[in-house]
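Letters A, B, C and D name the chains as they come in the text, with residue numbers starting at 1 for each one.
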Amino acid sequence: MPIRTAQEYVDSLRGRKLKVYLFGELVAEPVDHPVIRPSINAVAETYRLAEEEPELASAQSALSKQRVNRFLHVTESADDVVMQNRMQRRLGQRTGTCFQRCVGMDAINALYSTTFDIDQAHATRYHERLRDFIEFVQTENFVVGGAMTDVKGDRSKAPHEQADPDLFVRVVERRDDGVVIRGAKAHQTGCINSHWLLVMPTMRLGAADKDYAISVAVPVDQPGITYIYGRQSCDSRALEAGAIDQGNAQFGGQEALIVLDDVFVPRSHIFMDGETEFAASLVERFTAYHRRSYVCKTGLGDVLIGAAATIADYNGASKASHVKDKLVEMAHLNETIYGAGIAASHESKRTSAGNYQCDDMLANVCKHNVTRFPYELSRIAQDLAGGLMVTLPSDQEFESKVTGPILRKYLATRPDVSVDNRRRVLRLIENMTLGRNAVGYLTESMHGAGSPQAQRIQIQRLMNLEEKKRMAKKLAGVDETGEPPKT
Amino acid sequence: MPIRTAQEYVDSLRGRKLKVYLFGELVAEPVDHPVIRPSINAVAETYRLAEEEPELASAQSALSKQRVNRFLHVTESADDVVMQNRMQRRLGQRTGTCFQRCVGMDAINALYSTTFDIDQAHATRYHERLRDFIEFVQTENFVVGGAMTDVKGDRSKAPHEQADPDLFVRVVERRDDGVVIRGAKAHQTGCINSHWLLVMPTMRLGAADKDYAISVAVPVDQPGITYIYGRQSCDSRALEAGAIDQGNAQFGGQEALIVLDDVFVPRSHIFMDGETEFAASLVERFTAYHRRSYVCKTGLGDVLIGAAATIADYNGASKASHVKDKLVEMAHLNETIYGAGIAASHESKRTSAGNYQCDDMLANVCKHNVTRFPYELSRIAQDLAGGLMVTLPSDQEFESKVTGPILRKYLATRPDVSVDNRRRVLRLIENMTLGRNAVGYLTESMHGAGSPQAQRIQIQRLMNLEEKKRMAKKLAGVDETGEPPKT
Amino acid sequence: MPIRTAQEYVDSLRGRKLKVYLFGELVAEPVDHPVIRPSINAVAETYRLAEEEPELASAQSALSKQRVNRFLHVTESADDVVMQNRMQRRLGQRTGTCFQRCVGMDAINALYSTTFDIDQAHATRYHERLRDFIEFVQTENFVVGGAMTDVKGDRSKAPHEQADPDLFVRVVERRDDGVVIRGAKAHQTGCINSHWLLVMPTMRLGAADKDYAISVAVPVDQPGITYIYGRQSCDSRALEAGAIDQGNAQFGGQEALIVLDDVFVPRSHIFMDGETEFAASLVERFTAYHRRSYVCKTGLGDVLIGAAATIADYNGASKASHVKDKLVEMAHLNETIYGAGIAASHESKRTSAGNYQCDDMLANVCKHNVTRFPYELSRIAQDLAGGLMVTLPSDQEFESKVTGPILRKYLATRPDVSVDNRRRVLRLIENMTLGRNAVGYLTESMHGAGSPQAQRIQIQRLMNLEEKKRMAKKLAGVDETGEPPKT
Amino acid sequence: MPIRTAQEYVDSLRGRKLKVYLFGELVAEPVDHPVIRPSINAVAETYRLAEEEPELASAQSALSKQRVNRFLHVTESADDVVMQNRMQRRLGQRTGTCFQRCVGMDAINALYSTTFDIDQAHATRYHERLRDFIEFVQTENFVVGGAMTDVKGDRSKAPHEQADPDLFVRVVERRDDGVVIRGAKAHQTGCINSHWLLVMPTMRLGAADKDYAISVAVPVDQPGITYIYGRQSCDSRALEAGAIDQGNAQFGGQEALIVLDDVFVPRSHIFMDGETEFAASLVERFTAYHRRSYVCKTGLGDVLIGAAATIADYNGASKASHVKDKLVEMAHLNETIYGAGIAASHESKRTSAGNYQCDDMLANVCKHNVTRFPYELSRIAQDLAGGLMVTLPSDQEFESKVTGPILRKYLATRPDVSVDNRRRVLRLIENMTLGRNAVGYLTESMHGAGSPQAQRIQIQRLMNLEEKKRMAKKLAGVDETGEPPKT
């Protein structure tokens, strides 16, 4: 029976016997682990939004002829691509963190057109298989995670040149009924909270990398898979008594290392196997989608602006002109990100396969601004928060009969402002600028979907410099037709 | 007979007996004045583009049932608004300057919905009159300029409070057949190159400013109008022999002070008269359109990037990594402007009147970036140009038999690069960053459609801070329901 | 017997029976508390440096006629002020954190001239008392902390107007032999690691705030004082087994709330009592010194640049031009801070009391850059670090027999780079940009010695705008002498 | 008889029969040419300042045993280096432009130590000759210009590899009594306004470039020298009637191409001839001095801030919080430049020759900020100026009986503000941000003393990255001693 609600989603994750390691120990049940649970709540919010605002977070699928969660939808128009951004911003606002489903959504759409192109070139059947798979997950309403980033070993060497051939995920055995793969994928967002993973190659491949040109779907609980949980700033506050010091106790992100130790994949779930020349376009299409998916961070930006405005209220500073001006600057930067992202989506074009692909240049520009502006928003938020954000005693101190009353006496500001509310907001700003969700709001804004230099290289490719030179030369009256220039 | 070509447009401007003053003298025929002509050429390019790329620069009008120049088109879809931006960028690329028709286009569209709203409120007939006027100019294919910015006198006082009541344009006489207006409009882009002017109030008005709530159409050559030409940096180079030192000899912008000395306007051309409460929304709609129209500057940005890349080629520096990186940064900033602008257009909504109005927040964000990034593009372009840009001797020196050969000997770089081409490109960069077109690319990017603070105020209004606070408080677990906070 | 070594300093802190609360509990012995100890180590480094580089970290005192730790030295020349900066940068390099002694050093010097001025005005004896106190601490080689920042309550009200009069530290009883004070000081750097505290008013006071114009010295272990420890990002990692995840296990900062619950101060240790009109100049002199003391952050900047360069090496990316360029940018920003700071010190002027006071404008400019550039250095460091910095599993995972070998296999890069060294450097960058020392490197760079707006107000006061207008008017040929301007 | 006053200086330039070409014509008398004269006035101001503030602009020379103009002084202490900066800022404030004497001052000091070092290495007599020359110019009180920047031809080739060997200045003939040199120096600041030129090589040279390792002094009016004047933005406004449109009618900068067509130099004026290995250190010392000399631009910054504040006054906007904040930002950036520059001077070290050399890192940091901040100050100044700055009609219009009264009616603001004063200030801002002095304030701030990338390369050399890595590794606990890392 398909998953229908946020609660059913959470229930669906129980009892899967995943091999998840965290703080050196095998986790008995991830759903109940206090460090992991907030990340599950964040994914659950994608279901809840689909219940509460179906126009926003679900779509009618021509593929499976039913209304499906938008994260599983193959885009059928530019407007579908735009709606992804609207949904992403809304979820950022609701969770204040990474809700982890964009990789899968973007992978589905990138594979959709790439499998079509491979089939055209090689008379293969990948596209049909993928459509079947998508129809299946749409019907079951599963979470599909993407698994792209290999651990990469020595960055100066190709996959097949590595000292250890497993440093990129590869086919180690080909059987009649399928393939066996081995390797590891790093920084995998939300993988433990998914039902299926779409494995894809991580970069342009050469002919000698044939065994690395592999794309498959695997169930998250497939034997042979181990998950090693990445630790985040302040993660262990979730293990403490009291929720306030977490800042955002309910929601968090998740990244883990996925180790694939000889995992079998049946033929029906293979979407690329050896077509090295299509690795680059798969990656390029995926990153184009995904760089614009970082519009989600404007939802987090909305929360941070709100938090900064609230703390200014509590501090009695909200009427100061410099405070108002800083909030405007935050909004301006946040909307600048949004503008480029949603523009990339609006400018989507139909692919040969029939789904819609966003504008590559604007997607890169969006992401490149994401590698800059959230840091500046954080800086301003810390400015407005005041120093107390990082010198506030622990929640236990406020609960203590000895120090609690002292703190409530001395941290009082205006009579209508609760000290506890004040520290709740301070802890939220700490959470987003230094703590657990700073990981997502800052560092992953930097590196997710490619580090800044990757965007610059792509902008360079797309900027059409020769055309721009031609324009300039025409206006300048440059004459390069001449025989040996007498100058 | 309607104007059909760029040449016919130029011809249509001849013999109009305008009272235009420049350098202290009445200009005999603006079309033939070397300082003015480049600005006419820039407007002519809007006709040429409509000839060469009709899909881009013209549109089928439901109003006049014919294909019309896009600058005269009432938007019938969000896509129509988007197409304006595409056309604007293209014209920026073709001219490297301000082509002066956006004010009129945006005024037509802002008045279209505002007159509709006034009629709804007051049972007036403005909308029908305006439709008639638009149909007329579409049919004749005229250039319509906008005239909004009053000279304003003492900024701390309302129009009716000024020492001299003429410091805002006002009705000085009401007659059965129309009104007589007096006042002046400053910084009027392309006014002399237009056929008609749409006069509009410049800001929010109070009930006591009734005589200032006036919007009309007047022919540019109406008796009683005087034009005093604004001087631009390096304008007088157009009076020198030789074209190279102008940088962009063919195209330039134009701003003038329009003095309305008791100009009569018949009833049929009055679109607002006394409805002070609609001044604010007219201005707001106009500025929303117009702030996003600054996407034109990305066309200029394309030219400047091309010029910077060309001079790097000529200097033999184009392979240096820092040079490539600077060009990427220029492109990134330029596309960031474009992203916000075109997003504002894509997000247009239908008005009650039926035309489409762009997104206000994104339009403001676009313009606000325009007050920053072209300055940074200019700075980088000057970096890539090298110091010679400002120490290059005059064209006369290169033409001189004495100094010409010396300069050609000593300013030689690579044997395949012409010294003259090198200085052409240097002069183009000078033109756009210090000279005549720097006026449009920089200073008017700063102040056109409202100075930076105007955008910040609008962003503040639109940023929905209370909603953002609510989001933050929810995630922080703030509880403000409590009775007297025990803290 | 005076303290002579770092070890003797640490020993001197033992057994003092301080009332320190951390995580809701009374700390038995701060010296042995794993969260507190790194902050003690950082202070100890100020002793170690004096041993190892006496020219840098000690000075010959004319006051006590002996060589004293530079943190206790009354400046006798501009060069003495400069040497403070050199020492600060060096200690920043050695500890990568806040070494906590600058507040005391700057307080001693600010009080030195202020007490002299009060005595001149009021025929009091504060200056002599202060000299005695300084001679005493120089001889004993004690750590003197400063205690300035009151908790402030409702920011819109003066001290005497607060609902609770204790929200600023005040005299609650005057006795023949001294005074009794009550209140609390927030964000007090290194207070627990000090031997004495110099209490000072926090801001400009009015005549009605007489009881708040109090400056005294109190021993840290005086009865009636309670310390409530501020928690820092990732502080509890110090409680975990394994040192690597701390990033910088040896050194950390410290801030606590000091609660003064009716603390008696004998007459000999009172340096201001009721002279409200000198509160402003005391604060201004202190902040001038202290804003330039933030040159210490360039020492942390050096460490962060080094860490970023090291991780680039380990990732095999150090030859990429964009990597080199980012390191240069980091150095440029870091040295820009240093330039303004050391310039402020070089430009010191002799006070009436005979010590040297730094330049106020340049000190403010230095600090204002400190509120910006460390954030940008952090952003670039995170760029160079790569995403692994925030997805790296915990140290326990690397120690585990199950997951340790898997991680070492898959996180290998080049054969000559140790995975453990790689994560050590990643954890150091995390420590400085998100973790425990990010508190000092970022948030306290923002708010310490005054938040950004405080510097802007001071720059506004000092910028001498009238003089600048005069210069401009002269060059522009402005003539304002005229009688009623006819224009 | 030595020059004693500004007037005597101007007189000393008359009748020299220089071959100066401007606008294609040989200039009869540069002193009387309206385009050239403002640049002479700027140099004259260096004499006037020495008269009015001798402590600031002159110094007692140990070399010539007399009080000499500071521009001719060999630094005898760090304080002497600092005083150069104070004088430079003051002259920037007095002229609002480049006063052209820093190159000579910095060249004298760089050659002073370099000739000493060459003599040590080669037993030559250059240092003594240079001392004689300096004593001579000190006594005569002459202006000494520097001539360093060669035209350089193909940037990818060394001097001796160029197609035309004259593209770097070189010795074409060696005679018993001296040498004959040929070539050209580009962008030579103030050369025509000097009495003597110090010719120096422009960059690091190889052994094969022996003929290019030449440094000499030549009189400006030596036969064989031709000067071709560089044109500046808006230069021809100086040829118009009326002074207001010039913005700063009195002062301007000057750059020219110096063509050396077989110029003879006697032995006594040769300071380097063939010692190629010293070219690099001469250039490096000179640029270190000269990059910090750009502190002069903070004097221009003061003027621009003053102009921006004045126009805000005139517009009635000076109390708006955003206006005040923008002025503070301008001051902050301006003082940041000053801080790094004066710090470089304060940190000067004694050379082997006995004069003082500034800190290289801080000098580069100063200049690098000069390539950024004046552009931002200009942007803000244009923001505060308003759009009228670039749409203001010409001075002739204001003088016209027809348009003058109209303009004075419509450009009136507050009754106490003169329209003419308003446009004077607007024209000054135009002058500094787009016009004649924008050349010096912006573009030459970018390229003078080396383009931005030159500073970055030097910062990279000086940043001591290995030391920083060592610091980071120590704090991170990195252990690289291990044998083959088991990781």
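Keep in mind that, in the parts below, contacts are C-beta pairs under 8 Å (C-beta built on N, C-alpha and C of every residue); 3 or more make two chains touch, one makes a residue touch a chain.
Model, not experiment: these values are computed from the prediction.
*Asks:* Looking only at C-beta pairs in contact, point me to the busier pair out of C-D and B-C.
*Replies:* Spelling it out, more C-beta pairs touch across C-D than across the other pair.
*Asks:* What chain is the most remote from subunit C, judged by the mean position of CA atoms in each chain?
*Replies:* B
*Asks:* Just curious, how far off is subunit D from subunit C if you go by their C-alpha centres, in Å?
*Replies:* 39
*Asks:* Averaging over Cα atoms per chain, report the distance between subunit B and subunit D in Å.
*Replies:* That gives a centre separation of 38 Å.
*Asks:* Based only on mean CA positions, could you tell me how far subunit B sits from subunit C in angstrom?
*Replies:* Roughly 51 Å, centre to centre.
*Asks:* So which bits of subunit B are touching at least two other chains?
*Replies:* 322, 325, 412, 456
*Asks:* In their shared complex, at which residues does subunit A touch subunit B?
*Replies:* 82, 93-96, 243-244, 247-251, 302-307, 309-310, 313, 324-325, 327-328, 331-332, 335-336, 338-344, 346-347, 361-362, 365-366, 368-369, 408, 412, 416-421, 424-425, 427-428, 456, 459-460, 463, 465, 467-473, 475-480, 482, 485-487
*Asks:* Any idea which subunit C residues touch subunit A in the complex?
*Replies:* Subunit C residues touching subunit A: 21-26, 151-156, 163-164, 166-167, 184, 186-187, 226, 228-234, 236-237, 240, 245, 255-257, 259, 315-317, 320, 322, 371-372, 375-376, 378-379, 382-383, 386-394, 396-397, 399-400, 402-403, 406-407, 409-415, 430, 434-435, 438-439, 442-444, 446-448, 451-453, 456.
*Asks:* Show me the residue ranges of subunit D that touch subunit A in the complex, using the header's touch definition.
*Replies:* That would be residues 321-322, 325 of subunit D.
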